[in-house]
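Okay, so chain A shows up in both of these, paired with chain B first and chain C after.
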Partner chain A sequence: MTAGTVTRGRSTGTVIRGRSTGAVRGRPLLRTSYAAEQAIWNTPAKRAWTLALVVAVLALPFFLSRDLTSLMTTVFIMAIAGIGLNLVTGYAGQVSLGHAFFMGLGAYTAAVFGGAGDDELVGLGLDMAVWLPMAGVVPALVGLVVAPLAARVRGLYLAILTLGLVFIGEHVFKEARSITGGVGVGRAPAEPVLFGLDLRARYHVFGYILSREAVFYFVCFAIFVVMAMAARNLVRSKPGRAFAAVRDRDVAAALMGVSLRRTKTLAFTISSFYAGVAGALLVVVIGRVTPTSWDLFLSIDLLAVILIGGIATISGSILGAAFVVLTPRLVSELADVVPFISTSPSSGFLSVFQLQTMLFGALIVLFLVLEPRGLYGLWVRVRNYWKAWPFSY
Partner chain B sequence: MTAAVAVQTCRTIPDRVREWAGLDPERVCMREKRFGIWRGITWRDYWEQVGLVAHGLVSLGVGPGDRVAIHSENRSEWLYTDVAAVAVRAISVGLYSTNPTAEVAHLLRDSGARVLVAEDQEQVDKALAVLDQCPDLEHIVYLEPRGLRGYDHPTLMPWPELIERGREHAAAHPTLLDDAAAARTPDDVVTLIYTSGTTGPPKGAMLTVRNVHFATEVLGVGPGLYDPPPNENDVTLSYLPLCHVVERAATIWINAGAGTTVHFAESIDTVAADLREVQPTLFFGVPRIWEKIHAGIQSRMSGASRLKRLAYGAGMALARRIGDDLVRHEGNHTFRTRALYALGYPLLFRALRDRIGLRKVRAAGSGAAPVAPEVLKFFFGIGVVIREAYGMTENSAVATGNRRGRVKLGTVGEPHAGTELRLDPASGEIMTRHPGNFAGYWGLEEKTAEVLDPDGWLRTGDVGEWVDGSHVRIVDRIKDVIITAGGKNVAPSEIENALKTSPFIKEAIVVGDRRRYLTALIGIELDTVGDWAQRRRIPYTTYRDLTEKTDVLTLVQGVVKDVNAGLARVENIRKFRMLPKELDHDDGELTATQKVRREQLHDAFDELIDDMYGDTTKFPGGDLTGVHS
Partner chain C sequence: MTAAPDAALAEPLLDVAGLTLRFGGTTAIRDVGFGAGEGSLLAIIGPNGAGKTSILNCLSGVYRPQEGTIRYRGEDLRGMRPDVIARLGVARMFQNIELFENLTVLDNLMLGRHRHLRYGTLAALLYGGKARRAETENRRVVEDIIDFLEIQAIRGSLVGMLPYGLKKRVELGRALAMEPTLLLLDEPVAGMNVEETEDMARFILDIRGELGVTMIMIEHEMGLVMDIADQVLVLDFGRRIALGPPAQVQRDPAVVKAYLGEAS
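Up next, the complex of A and B:
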């Protein structure tokens, strides 16, 4: 009778163990461990919907044209970049306009490690298994070097500091011809050969022919899932809570024993890693890019991703990326059916490009004013409405 | 030899727990919430802890027939102590955690408890304050050390020390529990359950091994409290005081009898939240709980958006039809009710039941007092068929219950299996006879003789009548029946319950014994009336201030008029006055189980009563024509 009983510090000397009965199943609120309380998929409905979504995403390339498949791949890549920016800006509260620089850095790192070299360009021609991690690690190291500077300032000054990073970066990219190919020329992206498997070829799978776009789509989706999950887990861990503490009030966080410098440095480093990976993948989809592409406008696009998607949410970053990438395409499709929109810049009442710019600007303003929590906030509102049914709270 | 056979047939709670621990040691049998997490306790843990506590009690000098008092909210240690006391042939005594110091003194002195298990500083303080009045009390074991570290009293001992003593004692006396089990007889008293004491001080009802065995078989193994009977897959929430016989049966006896999984509510205030989390399959409520859930739904719906109110209105229209049909067919579903329910389920019922925590309820019961038929119909309508049952401490909570498919609204059902029930031909008093009839009041032979006939019939003190020859309807407590000056017999509880159906009214006390007409003292429900006032932008400060608002008085008057419309003329309430305060256990107005003590109330508020019968208007209230504040 006495065997196996461990008396703990609490007044109950009961050992916490035992086989859980069927009681816990179907009772999502009956939490028997802190893990259950922290679970991402805490209800059966969430599990089912996530599974359905994954199946739908995996089935998509079989129904889409090749250019739309590429566009969807871009969504995943922008989502990775958006998640990275959301970690530092949304979660840790450190405004960064320098994200484009880190993306460019990732892209060129990948090109150096994975691209073909010649007399004018440095290129090692390594496997994707090497160049993809390196494309994250090198920007992360640069982020690590810059972070102590960034950790000293906050708010507007931080925005200016990171803005400076973009301009320095752009200049360096222009001048370092042996790495970037120089202005107006650029260089070919790293070669996507993963473990000796050439991702540019077509493959026959179960009687289907997978185009190279579809192959890369699946690869990017897999990378995206891994990185999104990693980020989601990071933000519910101790460092993630430290991020939020620093964002909400840095003085209070410091008083609680959260090291400001370490937390901010970590946020910058991880965020740069995400940006670098996204940059490397992006050029593979787009092709040859010139050094001037990694400018302030890309940084602002990324801010739009997290502002429209939802600050401090991983799912929001994904929604925002889908929105920012797909809307321009939608607008240009509209141009074919709506008469007063023209596809050429000079003719008609409104050109597609004007409309895109105006739409984006208007949407950012509307979101900031009406739903600062972005698309994700809208979703939360809808969900809470039904969650509380038939009550209102 | 005969005794040994009888012990075999009468299984005690420790026997049953031990059996479960042997059969299915790793299965969780109870959960309690600690730091936000429901922590499971297996049958093996349960039995181990019972053993250690039993040895610990013996090491403190507790022997057969000694009393062990427990003064705590529902928690696992309550069960350990109760079962451990029975395991060593001692007698457990439960105290309500709301008991004020004076009552604690009475209970400890009257029972002569040697050991008290007190939950926390609050209960320890009460016991220490009255220690000199309780010469038998030798040890106070406390569960929560918070606030007690600075206490230095020879009687005090923390719970882990009791467990540690138990461990040492068990090593030295390994056969103690087996010896105690062998020496046990079916007539051993296992627990004293103190009556709530609506009239006079609480009396300790002695329940024996045989009583508890019978009650466990009827309520826990058979379809007594719940129909269909409970089983191992059932989940329950323990939230009513364990010192009351109903919760003792619902938590300890049914758990040990049927192997259900018990969840302890954090406190009586968090029942709504706990219900949502636990989603029990069996739920037993007292009328106050059902009324509170019902009122809560109405109050929250009135604040809901237009679309939601529309959906609720549509769902309720269905629910009313379902409820009426179910009542007509004695709780049996017809094709129509099933079709209507299928229609309303996705629209409202599923979500609503989920919100209030009753989505998985497969059997629900109500007892201790009558529930208003409107409330019952509401729950019938949303698919929770509440079956009213009847019993009392003195018959181990075993008397009658509504059977599945034979539910008659307004009755407490049919006598349970093995229960003889008859009505006294002269007074209509309900009398029961079965092996669950108690052994007597502790130390009160005269009082025992008043309720227990020599031939084994128990006088329940309730007036009842047969309905359709099979079901019993409770009219009222025999002592509460009002005889008006006109000579008419009126059962006040029926009128009071009709009044309390309104979500705005919490307390209603009908007055009128030997008077020309009936009047009522009304206490409002602060939550709902406050909410109502806020919506109408009526400013108020305190409870008393709110009761004196003309709008509130008019609201109450409306309720009184509505109730009068459904009553015979002689039963009409002609006047009412507002209670200036919320009734409270500490002030002696309510019992620990929230029943009103009429005599105390009549004394405390005699000015209000005189005001009504003296045709003056000194206090806020009204009659059928107008109100005054």
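Up next, the complex of A and C:
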């Protein structure tokens, strides 16, 4: 091999015409084109399991009660927010405690564009096709403004700076009564009417009755899939690699031609977009919220999503969201069985809320110490074990 | 090296004059000037703390020298940001390995292609035709570099898991992936055994011979410097004490004094 080939370029990878997957029959793991190797689902097992999972998710609302369907919808929404946070914190390495603020901002932007207005509240009553993108764009613009400040600091200082956002945000949300409804009152969320289709009504589809919870479940699932795919595309291409480069070695990244300021700004902007969309959808599920809901605890929940799920993985964010949303419910179900847990805050040894707070705290510590890659890391271990089975190496 | 005089006489790709760098009261580089012709190999040598790495840091924009000019293809690099300089075709290999440890060898090399990937964020989000094509085409270039450096077997490994010698090679690959016009090498064979040193020397000669990349190399391994450099710049305490072809520099009394102390 001589050096001359570096500039000439050669035709590596015998691309078999007409086969987009690049696989050869009978040898599914033999990849014959770069495109096949760079694909997200680059093994038959991944394709099969993803398909099975999608089918299961689509069938789920037909078997679940309405409140469990809503809970699953919350999983998708928290996954969107978690993916957003993972882009900026996991991939780009910029710690953000400010995501509750961006979620709140998204929720109120949606309420202004899509909510009903009266003499006290501002509301334009527009379609979801308008308010949902706006719920992402407005926080993204605010993120764009904040990013140059955030790009100047790193580590702990950045954590404090973004923490400041949450407190400023909470104050502004409390005071801007014509937008947020004010403390103790709140306002109703944006109305989920998509292209004139009212998502709050029941629908009869092929003889099935779809509850409003189920309808919104499917809508959120679709949005989630689109945004998760976009994030996955981002992290496997140029901007995503730039994020990781800035995270790992910022000086070396700059010497590769990666602009640090531009990359960090991009990470903040996109991440805020995801948070805003998630915030807007979240209030539609839970209903009227007061401005104090967008507080530090929500930010910490989001951190729990990515720390438990897996830093710098998209699928980890999804696992983490499922864990963070479903565990409290599981704990409260357990409360009926386990004697010393009570469902009311005043009686018993431990209330459900206390237990779940302790549980999250303990889990974050355990994961950081034992498996920093989170649930995703556990999954990788299991997968590698079975790949080598019955050998242990 | 017979090619040395011709290379030195050619139109200089890089022309550094009056370079001075101070950190507070300490002067790291004092009025240093040198040039590098198109396709030539300039070695910088000198005792520890002579300011060798500082010069590379000035060239790649990490440090901002207080005085002097760094003319590269007719532009003054002084005061430019590192990423802007990188996009002009200046690549760098570090003394202490500065790879992206959590990424695979492939991703590290693809990061070298950063300046050649011309698609925007929106295209990346959609990963449509344009982004997909650019990724595949650049992957092909990266694969050629992998072949050239003989690191096929580790292309999918995380860089953090690799042994030292291979990391150095990957770092050279990342710099090559940038398709640089000027390549800055900071002690490319430091800490390597004889075999690895010979491999690296072969790669460096191939890069110059077949790709025609101009190189500036800091090296303590005198055998390597004398064998492959066209010009040698000798620094001591931030000052230039000699500049010339290896054979001439070797006999320079100032150089002998800097390395061996006062002749008795």
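Structure notes:
Following the convention adopted for this analysis, the second predicted complex is superposed on the first by the 361 of 393 C-alpha atoms of A that agree within 3 Å, B and C clash if a C-alpha of one lies under 4 Å from a C-alpha of the other, contacts with A are read in each partner's own complex, and residues count from 1 in each chain.
Quick note on the criterion: contacts are C-beta pairs under 8 Å (C-beta built on N, C-alpha and C of every residue); 3 or more make two chains touch, one makes a residue touch a chain.
Values in this document were obtained by computation on a predicted structure and should not be read as measured data.
In the superposition on chain A, contact of A:L156 is made with neither chain B nor chain C. Legend: residue contacts after superposition of the two complexes on their common chain; A:R31 is shown touching chain B, with no touch to chain C. Residue contacts after overlaying the shared chain place A:D248 against chain C, while chain B stays out of touching range. Comparing chain C and chain B on the residues of chain A they touch gives the larger count to C. Once the two complexes are laid over each other on the shared chain, residue contacts for A:V258 go to chain C alone; chain B is not touched.
Once chain A of one complex is fitted onto chain A of the other, the partner contacts of A:I209 are absent, as it touches neither chain B nor chain C. Once the two complexes are laid over each other on the shared chain, residue contacts for A:V369 go to neither chain B nor chain C.
Shared contact residues on chain A (touching chain B in one structure, chain C in the other): 1-2, 4-5, 7, 10, 12-13, 33-34. Touching chain C in their complex are the following residues of chain A: 1-10, 12-13, 33-35, 38, 230, 233-234, 236-242, 244-245, 247-249, 251-260, 266, 270, 312.
Those residues of chain C that touch chain A in the complex are listed here as 60-62, 81-83, 86-87, 91-92, 94, 98-103, 107, 110-112, 114-115, 117, 119, 121, 124-127, 131-132, 134-136, 139-141, 143-145, 147-148, 150, 174, 176, 178-179, 206-207, 209-211. The touching residues of chain A, when paired with chain B in their complex, are 1-2, 4-5, 7, 10-23, 26-27, 29-34, 37, 388-393. Those residues of chain B that touch chain A in the complex are listed here as 26-28, 31, 34, 36-42, 44-45, 47-49, 51-52, 76-77, 143-145, 158-160, 163-164, 167, 170-171, 232-233, 235, 261, 263, 276-279, 300-301, 303-305, 308, 311-312, 315, 348, 351-352, 355, 360.
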